[in-house]
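What follows is a pair of complexes built around subunit A, which joins subunit B in one and subunit C in the other.
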Partner chain A sequence: MELRKNYFADVRKDDLHEIGQPRPRSDSPGHVTGKTAYFADRSFPGMLHLKMVRSPHHHARIRSIDTSEAEKHPGVVRVLTAKDVPHNVYTILILIQIGPEDETVLADGKVRWKGEAVVAVLAETERAAQEAAAKVRIDYEVLPAVFDMEEALKPGAPLVNEYHGQNYYLYDSGECRKVRFGDVEAGFAGADHILEQSYQSSPIEHAPTETTGCVVAPEGNDRFTCYTNTQAMFFTLDNTSIILQMPGSKLHFVGGTVGGGFGGKVDVIVEPIAILGAKLTGRPVCFIYSREEEMQISSPRAAEKVVIKDGVMTDGRIVARKVTGYTDAGAYSRHSPYGAQKGAGHYPGPYTIPNVWIDTYCVYTNRTPSSAMRGFGVTIGDFALEVQMDKLARLIGMDPLEFRFINAYRDGDMKAHRQPTEGAALIECMQEASRVANWPVAEKYMAMSSYAKGA
Partner chain B sequence: MAKVPVQFTLNGSEKAEFIDSGTTLLNALRDKIGDTSPKGGCHQGTCGACSVIIDGELRLSCLTLAETCDGAAITTTLGLAEGGVMHPLQRAFLDTFATQCGFCTPGMIMAAKVLLDHTPNPSRDEVIEALSGNICRCTGYEPIIQAVLRAARANSQNAA
Partner chain C sequence: MAIRRGRGVAAINYPTGMNLGGDPTQALVHSTPTGNFMVTLSSVDLGQGMKQIMAQICAETIGVPTDRVVVDTADTDTGPHCMGTFASRGTHRAGNAVIQAAREARQVMLEVAAEELEVNASDLETDGQGNILVKGAPQKSISIFDVALSAHFKRGRSISGRGMFLIPRSYPEKETGAMKPSTCYAHACTVAEVEVDDETGEVTVLTVKNVFEIGRALNPKMVEQQLVGGSWMGISHALYETTEPYYPNRDHGGTDFNQYLMPGPGDLAETKIIVLERPSADGPYGAKGPGEMCANPQIPAVANAVFDAVGVRIDTLPITPERILRALKAQAAN
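Moving on, here comes the complex of A and B:
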């Protein structure tokens, strides 16, 4: 790899001595010798296994729950239902005032997605817990479900989540997050060409090789040590404190090496119920997702739909862009209101467009709750935007890379969400990409700079 | 539940345990004996993270009943280093940055060891085939392939 230091040589010291130099990873010796300790590598005498009884329905009212046969099963120590959870209704982002609390730790009266946790069984062995879980009897009244975002937004659609009262997240800006910049209709009116396209994605599972889980040990000092593979240690600590109504000083969270996360381990899902189990039994507890649970139960990346309408001039300038984005949160918010909001800021892409109109909706459906994954809120948007850019270039018969040079944002440009562009470096990256990929562009583009407009 | 006696050697040391009939070798190694280098990624024989070597052959310990291993010689990644010196495969994985989260690494090293034990100078295709039962979700396959090829070269230089 060649490190080109000529870009921005005048604005930074030439002290990048680490780049291009191999340095051993500090965790690698543990990995190759099998000594790295993952959360599941800890076990404690008398440790109980927790298995979850899950909803087989996408949307249903719970008429009754009968745990009597499960409790009699040999090896079962405790069975937990909603009434055992001190603060059963929560939402992760309440820590940063993004409410309302809309999700139950254990379902209370209703399930809103297939796989939702209803009853937790704690037993001496994994097998006993599994067998007892199969003996829990739950009487459901199946309700109509909605799986499509546009269907969910129509009047008369089944209401997914009563804590919201409608099938979208209500932002302070209303039913969607909005960006308004310039006059988009005037932009379209003056454009040489209009191109409107729709892009859609399915949920994506992170599928880490190490499944989600934790091991909890009650300590002699009335504290609980929780060994976890969470990617969000303090979110988990604080939410657990709220859910269990237990001061943080009673909770000792131990993280460490995560066996693959990719954003899939930022929800607060296994820890509160495992710690509750340890508290109510006085025994160590492990709650580790099976592979099936990891694939079916853990949050995926949200399904998204992005509708982009662009007005473009034959000289290559994009003069107007209108985007409507839909993020499928599934049945509960988790991190999706934030993901949809990120999309609103991001949809203009790294391009300077004078007239922009963006609406992004965070929509509730009876699907598996979605959450974080690698750039959530912008990754699918980037796919849509860059495919759209190629289509626009083709429409006006222009080289797709030169088309991006014409529209690239540069330092000083005002972005649609009113943040001035600083340190863009996009022009320089594309110049280098042009060289490395052997995709030549006209000399005037190679002479451009992120600093100076008008080139 | 009736306990079953089982004896085998693990990385050259004799082990004897009473286990519940039906216990997998993976759970016996991790929970009873305390060797946590084999990992449980799927418990259904699809990810390869639990790979160990039994009597010279690569085996998925999550699909192997511990009671069938009576009298066997079992090797895990934890036992590869000798006298505190890493095995050439471990060294090569380290030097080629062939680990990311590390969860698949012990299984990868087991698969690679069996390959090199049988085929000291494998082709790239043979390395890929030998690792095809091991999933790396960080998708760092290329450095892993390079690590195995590097270890093979180190072996052949030592033999020459």
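Moving on, here comes the complex of A and C:
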């Protein structure tokens, strides 16, 4: 890595002692010698293992659940179903007033994705829990499922989630988050060229080294200590408090050493049911995802579809951009309404465009609920935007890097969401990229600055 | 049939912190009797090194070496609230809270030193090595070790401070979408070079040259590890990863690392990282959040390089050999 101190030297004081120094990380020796303790290194006498019975269907009504054979299995201590969960229907963003509650801790009457948790088995050993889980008998009536976002949005599509009532998240702005700036149709009408293209991604796994999990110990004072690898301590504690209808003062969460998160450990899935198990049995409980659960059960990055329509002039100016983004939330909201909203705040990218129209949708389908991941709401949008930029440059016969200089945002430029640009540095990044990659651009672009137009 | 070479560019920005704000983080700082400093938080270190960065921020603000600071975090019985580690918010939000708490503690520390030295607190400065000096008369000084002892056992002062950082929540206007998504943005530009085998559809990423603007590199070595890791993740997203290879079809999802494709060490490109620093107005020592944005520009840069190499657009991720070959076949048919 090289620091290029010549850029922005006029707005930066390099007079610090500890900041800017490459101090060795204090936790590195523990990590590389295997001495660092992770949550799963905790073990308590009498600890039970929790395994989930999961839906084999994408969408089905539950006619009946028979746990009698599982309960008789040697080593089984307790079997939990929906009726055992005090506040079974929840949604995690309720803490920041983003409802409705739309997901069940344990399925009640219906399953909406293949892999959904229906019954929790607590046993003396992992093997006993697994064997007993296989003995739970669930009678399903399979229902039609929908996997494609366009199909899901059509009238008459199977309804994925009754708590929403339609297959998209209803924002206060309606069926999508909207950004309206200038007059996009007038912009298209005056453009030399129009290019409309569609981009698609598929779900992506966080693939942390350490899978999601927790170990819970009941304390003598009626409190519960939960050792967890959550990315958000109080967010998880407060949601657990709601789900278990238990005062937060009864809960003690210990964490902070995590073997990779990437956004995959903010969903509050394992802690509430493990603490409930500890409460109902009076014994320590561990619930740790297998690698298969981490890959197909824990939330992935959403698949997204992004449609971009641009109006561009032969001189390189983009005069109008319309973006329609679709986020595949799967069966439940989790963090997806936030992700689609974040996309609306990110488009049309780091470019100054006078006419912009943005609609971002959060769509429900019968698949594993998606949620946060590194670059949430932006990563796939950037893929679409920057491939589109390449296509536009080639359409008008311009160098792709020079084309970006012409449209790059600078301090003071008004963004589509009506905030003036501050602290821009896109131009300088592109100038340095031009130098380091030996990708020459015209001198006028190398003389540009993010500070102000014409500078 | 041939190996064809191409290059592509992409430029991006990325917001720091939770979208629309409203995501508080608190910090507490106190001195031990011998002048070491404890930072108490409930923020989570995901392996990116947050504890180390908080220690450096506290040390800089108090005016002591980093090894005199201990970070105690992620215990809800002791640490004050933090919204969580996500949205590129850890360094920015918790860092600001630590600065505020450390400033308050530093002020008490200077007041106690002033009493010991019989000068005004405003006439004192720290040397960064564990001593407090009178400005302009550095021979008149006292160690922070002695100041902490005095505060505890003689003067009955608590060298401590409280910090809280909150960006007020923005609510988007329904019809226009007017809103404030973030207060500062990191930037990047990436140039990727690839080779594409037009017989097998296989892509080899030769070089990835990344320029990142991140406000301030608080610890350059740790910034490097995060940026290099992010750059590799970008390649992985571009060419390899998905839990549903035939999305929206639910079949064929990988369940372990044999089936879920990720690049191995031999698949990673020669990676160059250049860092620019335009300090953000509200960042701790100017820092922005580099954690997420560093994995984004490689994806379109690789996609554009594949087009430059073989003349087909793959607009669906990941860009697999199968998709390239099908596109080449369609191109040949036209």
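The rule we apply is simple: the second predicted complex is superposed on the first by the 445 of 455 C-alpha atoms of A that agree within 3 Å, B and C clash if a C-alpha of one lies under 4 Å from a C-alpha of the other, contacts with A are read in each partner's own complex, and residues count from 1 in each chain.
The criterion applied here is as follows: contacts are C-beta pairs under 8 Å (C-beta built on N, C-alpha and C of every residue); 3 or more make two chains touch, one makes a residue touch a chain.
Remember, it's a predicted structure, so these values are computed and weren't measured experimentally.
One of subunit B and subunit C touches more residues of subunit A, and that partner is C. In the superposition on chain A, contact is made by A:T211 with subunit B only, not with subunit C.
When the two complexes are overlaid on their common chain A, residue A:P29 makes contact with subunit B while staying clear of subunit C.
With both structures placed on the common chain, the touch criterion links A:A40 to subunit B but leaves subunit C unconnected.
Look at A:K110: by the touch rule set out above, it reaches neither subunit B nor subunit C. When the shared chain is aligned, no partner comes close enough to touch A:H87: not subunit B, not subunit C. In the superposed model, A:E18 lies in contact with subunit C only, and not with subunit B. Looking at the shared chain after the overlay, A:K250 reaches neither subunit B nor subunit C. Within subunit A, the residues touched by subunit B in the first complex and by subunit C in the second are 22, 24-25, 27, 31, 207, 257-262, 291.
Listed in rising order, the residues of subunit A touching subunit C in the complex are 1-5, 7-8, 11-12, 16-27, 31, 58, 96, 114, 147-149, 172-174, 177-181, 197-205, 207, 230-235, 237, 251-263, 266, 291-292, 295-296, 300, 303, 328, 338, 341-342, 344-346, 349-350, 358, 365, 367-368, 372, 374-380, 382-387, 389-391, 400-401, 404, 408-409, 416-419, 422-426, 428-430, 432-433, 436-437, 439, 450.
Listed in rising order, the residues of subunit C touching subunit A in the complex are 7-15, 19-20, 22, 42-47, 49, 51-52, 55-57, 59-60, 63, 65-66, 73-77, 79, 81-87, 128, 172, 174-182, 184-185, 187-191, 209, 211-213, 216-224, 227-228, 230, 233, 237, 241-245, 247-250, 253-257, 260, 262, 272-281, 285-286, 291-293, 295-297, 299-301, 303-304, 307, 313, 315-318.
For subunit A in complex with subunit B, the residues that touch the partner chain are 22, 24-25, 27-38, 40-41, 43, 125, 206-211, 257-262, 290-291. Interface of subunit B with subunit A (complex): residues 20, 30-31, 35-37, 39-44, 46-47, 49, 76-78, 80-81, 86, 90-91, 93-94, 97, 99, 101-106, 109, 135-138.
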